[in-house]
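Here the chain labels run A, B, C and D in written order, and each chain numbers its own residues starting at 1.
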Amino acid sequence: MIFASDNWAGAHPAIAAGLTAHASGHARAYGNGDLDRAVRETFGTIFERDVAVFFVSTGTAANALSLVAVNKPGGVAFCHREAHMTEDEAGAPEYFTGGGRLCRVDGPLGRIAPDELDRAVQRYPAEFLHSGRPMAISITQATEVGTVYALEDIDAIGAVARRHGLPLHMDGARFANALVSLGTTPAEMTWKRGIDMVSFGGTKNGCWCAEAVVFFDPAMAAEFAFIHKRAAQLFSKARFVSAQFEAYFRDGLWLQTARHSNAMAAALADGFRASAAARLAWEPQANEVFAIMGQEMAARLQGLGAVFYPWHAPAGYAAAMAADESVYRFVTSFATTIEEVDAFRALL
Amino acid sequence: MIFASDNWAGAHPAIAAGLTAHASGHARAYGNGDLDRAVRETFGTIFERDVAVFFVSTGTAANALSLVAVNKPGGVAFCHREAHMTEDEAGAPEYFTGGGRLCRVDGPLGRIAPDELDRAVQRYPAEFLHSGRPMAISITQATEVGTVYALEDIDAIGAVARRHGLPLHMDGARFANALVSLGTTPAEMTWKRGIDMVSFGGTKNGCWCAEAVVFFDPAMAAEFAFIHKRAAQLFSKARFVSAQFEAYFRDGLWLQTARHSNAMAAALADGFRASAAARLAWEPQANEVFAIMGQEMAARLQGLGAVFYPWHAPAGYAAAMAADESVYRFVTSFATTIEEVDAFRALL
Amino acid sequence: MIFASDNWAGAHPAIAAGLTAHASGHARAYGNGDLDRAVRETFGTIFERDVAVFFVSTGTAANALSLVAVNKPGGVAFCHREAHMTEDEAGAPEYFTGGGRLCRVDGPLGRIAPDELDRAVQRYPAEFLHSGRPMAISITQATEVGTVYALEDIDAIGAVARRHGLPLHMDGARFANALVSLGTTPAEMTWKRGIDMVSFGGTKNGCWCAEAVVFFDPAMAAEFAFIHKRAAQLFSKARFVSAQFEAYFRDGLWLQTARHSNAMAAALADGFRASAAARLAWEPQANEVFAIMGQEMAARLQGLGAVFYPWHAPAGYAAAMAADESVYRFVTSFATTIEEVDAFRALL
Amino acid sequence: MIFASDNWAGAHPAIAAGLTAHASGHARAYGNGDLDRAVRETFGTIFERDVAVFFVSTGTAANALSLVAVNKPGGVAFCHREAHMTEDEAGAPEYFTGGGRLCRVDGPLGRIAPDELDRAVQRYPAEFLHSGRPMAISITQATEVGTVYALEDIDAIGAVARRHGLPLHMDGARFANALVSLGTTPAEMTWKRGIDMVSFGGTKNGCWCAEAVVFFDPAMAAEFAFIHKRAAQLFSKARFVSAQFEAYFRDGLWLQTARHSNAMAAALADGFRASAAARLAWEPQANEVFAIMGQEMAARLQGLGAVFYPWHAPAGYAAAMAADESVYRFVTSFATTIEEVDAFRALL
């Protein structure tokens, strides 16, 4: 009953097998091998257009370098108040951009509110010397609190970005979970809605270490090969990432694992709905479930072998709680089994 | 007959198997799992003392972050003129240190000459405001040109470092190749000679992606967890590196692969010694062989399937050459076979 | 009737004369001259203890480098939401610190609320790898909205700083105006209340260009000479700053000019209190007055020769306004005359 | 007999008077005043074309920010081995560029040798990911060793810059001294020879603190207002710099002071030529004289009141010296008198 995080899982067997399959033989280093090229083309197929793809070692690297690609002197990027890039990356975006700023924007349940965004951007007039200058907007899909931007939500953010001439980034650490949640295509969820670049995450969804930055406009990536290398992110044996992505995309594995995770989360949510001792904090839409329960109850469940953690829920997110209650996060992954979920539901 | 680079090889079967063995099951993320801890302890065993170990994604990251750990305002690090950190890392050390400088020091055959080093450091008086301040010395073992610092060579560099109160770093991208070349122990080659930190590379010697920064003085690593995370180098599924290192160290695999690579290089060197059409540029000591031959001859060999590249050899390294001759680099790895070498020798 | 900003004034005649008096003769460069030393000692006299003093060219430089002096990897500094360093310095603090973050804290009328500060700091647990780490607190005295922290207000902030082991910085761009407003001593307003370093501004109060960073603990300034030089802030002819500060401090000129500015502001405030057409937005305490009036009225006054600008007042600062009203800022300086103020009051 | 440095002098009386003349009255801040605009136009007149001009506080700031304006990821700037930016700025160029590199190029007597430059640039192939990328060339006029690039020397450097598509910067800390030495015009010495930007120094030649970055192509300066502000270099009371430059340029004062300094240096040089106890190390061309003499002799002169310092002369610059001899630097300025020179010559 491990619901601690989707990065507590290892690798999907197909990913491990894919890696092993490419272990032998020589290939050009630094992403110039045949497999590397083929995998980059697969990205193009999946996104239904030419894309520029760069592998990086962590989601933090993907986010930070995406911002470096579009930064300017005094640059300010806008993200949700709870976004990973501002809450959980130890200042990496600021560090890699050489002092770029993240401006936190409000919005309910992890989604930036378009009007709040518009107001926030307007507080930084682009030609005013003193304030700092807008340089990018970033949304997280699925969000940090297990919700998903609907396509029209992304449209609305895209409209603000276009109005201010700002590049629009998507932190897709849980890209696949959002995708299958919406039942849409990668193209529809990204560039057709105005997204310019994606931190495309495979790690949380069954890979060992497979993250990529994807640009939909090659011009925006013109300098990126240098940004990428200078940031110590150019793998010499890049095929070890390519091999993972090859297996990830083959026969839609990535969609299957995402669907499975989401289904396990839905089953967990059903458990909370049926429970008298706990309740959903808000409706989950991907592979994270947030529940309210008494702290004693939580301790009891943990004592019985369930692994999960409390979550600092922003004011207004969750329904009213008693003083002895808290919000807890439950994350499912490709490796979560229905038996685990059932066992936990039985405890509930 | 692939002698292009040791990073053209994939992964040793035992490494791939080790990874697969750890694919299933849950483990704490971010390096806090049992396997992660066990592997860090293995580093301690190998180095015969307590060490602080951090996994990074590339050798460039290892070098750059080692310098960040000891940098100061106006800091200058001293490395060999041909060192990887100044020749092949696209300015990553300068970038990560926020503008630290690399001062290139001369010395024959890839090794810093201690008296040149002393002179170079003295050109930056530590308390003079205007010049910049010495902050570290870095040596590469094995060097970029396939030679190795003897233990007394490291002693001599260590003496200069101590005289100036400077931390001493070893770029060990080919640590194992140097180690077996000298027939010594990790402790003897490092901290017993005054080395304070090592970029410990496993990738070139049979891993997929296994690099680490090793500190011999925990105090020097006090801030490193934050430096490491901020640099986007904290793997969420760190066990995929731990699993590689576990297999790497088990039963001395790393020494076997290094011995094999070095032996293949020695066999290649024999080939050049026996050849009338080519000759050694200088004596190899690890897994890289540099040879002088006519450009036409090189093209002919390449046409016959041998993969290798010309090398920009600094003045004075190689014996006199004719105008139509160049220096070429041949790198062997765990994956090089004696059949390949023999085939190449036959061509010679 | 120029109330645009205190930096629209030139230099006080005594400052200009002081500069001229030191124009001839040779002196050691880079702050090593006799005058430079004497002026640094005067700072010690004024603050009643040994201080480390460094001249910089702008208040932005003073603020940014103060933070550099105490920054760490992933560092976060806490300042008021309206502070100059986060609103008006184009990201200089983030840039000079190599990616440090400013966390904006709320509090009424330009003053950080101690309990908000405490909560904000607690959101960054010092040993948690992912969030970023508190590294400093900064308060602005006088604040950006013309108010002043009382001594007990500073005590309260100092207590939060001490509890979290954080250095406490004071942006004293209008240090003298706050000082005479409180009728206290420099020592009482700073280190006796827990302030560790001050951006000490002379420019707005009658100098041409005289700003300094003052440290009360020499240990905190140990690296600062290098930080200062590397930031291109070491004046070669430092005496041109020293000469200004010499004249500034002589016979209490700086207190006189500050008292004058504050008195002019008070006279302006009286005018608003007596006016039917405008009213004070809040009570001024230094040399800035904020008033509410109809936009048409403001335009009329501007048409008649009064120079002043609208101010973006945060929600809750000012009393309720009609839709056609705005907040306007009026700044006085050493150069403001009672005739100007009277002329403006007549218009009101 | 002060020959220590031209920055030991104070301000020319006309500069001090000019400052005082502008002390009273109000003017727009941040360089938007009438005087500021007029002075920027004067720069255009002097350079015979539209220029973008930005005031900075130090020559180090001018050099560092010039490079920021043209930097790219992995950027490398090429300067002379003895250039101020690499020898005397404590790493400021590297710091402000966020890790840009300075590559030191050889050449006799302070001037970059064009063929050495070409070779150095070629060592960084612009499209090679690993090495770093050429981003600028910088020459110093007059050089650090008191020599001057002839117009055809600048042409030759300009040709290399054009061939590699690199912007060409001139560190003109002693611009006026070089200009009058060549007897040419600012236009001829700069953009007509391929110079793109100049660090234009007034401080060493009679100002208190008057340095500017001048761009000949406005497009290159497109982002510079933000670069400048973010670097804490935007003076609030910019007119205190404008007032200096106004006086500096009025009636050719700047050329007169430069001619005077150069003449004093020439007189000093005559003294060395006539002396049996000392000799010129090389021929001076501006306001710095380098002489060889016995260390005992030097100490004797210093004991008699002459102030000057030894100079680390690169191998090959000076004629052969005895073991007890050293090279010493003597710098003249607007404030040097012929009486001082004569007194020193008498001692010689």
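Simple rule for what comes next: a residue touches a chain if its C-beta (ideal position, glycine included) is under 8 Å from a C-beta of that chain, and two chains touch if they have at least 3 such contacts.
Being a predicted model, the structure only gives us computed values, none of them experimental.
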I need the common contact partners of chain A and chain B, sorted by label. C, D
Remotest chain, chain D as reference, centres from CA atoms: A
Name whichever of B-C and A-C has more C-beta pairs touching across its two chains. A-C
I'd like the Å distance between the centres of chain A and chain C, where a centre is the mean of that chain's Cα atoms. 42
Length of the line joining the C-alpha centres of chain C and chain D, rounded to whole Å: 34
Taking the mean of the CA coordinates per chain, how far is chain B from chain C in Å? 51
Check each residue of chain A and list the ones that touch at least two other chains. 30, 73-74, 89-91, 95-96, 98-99, 129-130, 226, 229-230, 234
Considering the complex alone, what residue numbers of chain C touch chain A? 73-76, 87-91, 94-102, 129-132
Touching chain A in the complex: which residues of chain D? 30, 68, 72-74, 98-99, 129-130, 133, 223, 225-227, 229-230, 234
Chain D contacts chain C in the complex at 2, 4-5, 7-13, 15-17, 19-20, 22-30, 56-61, 64, 89-92, 95-96, 98, 203-204, 208-209, 226, 229-237, 239-240, 307, 335
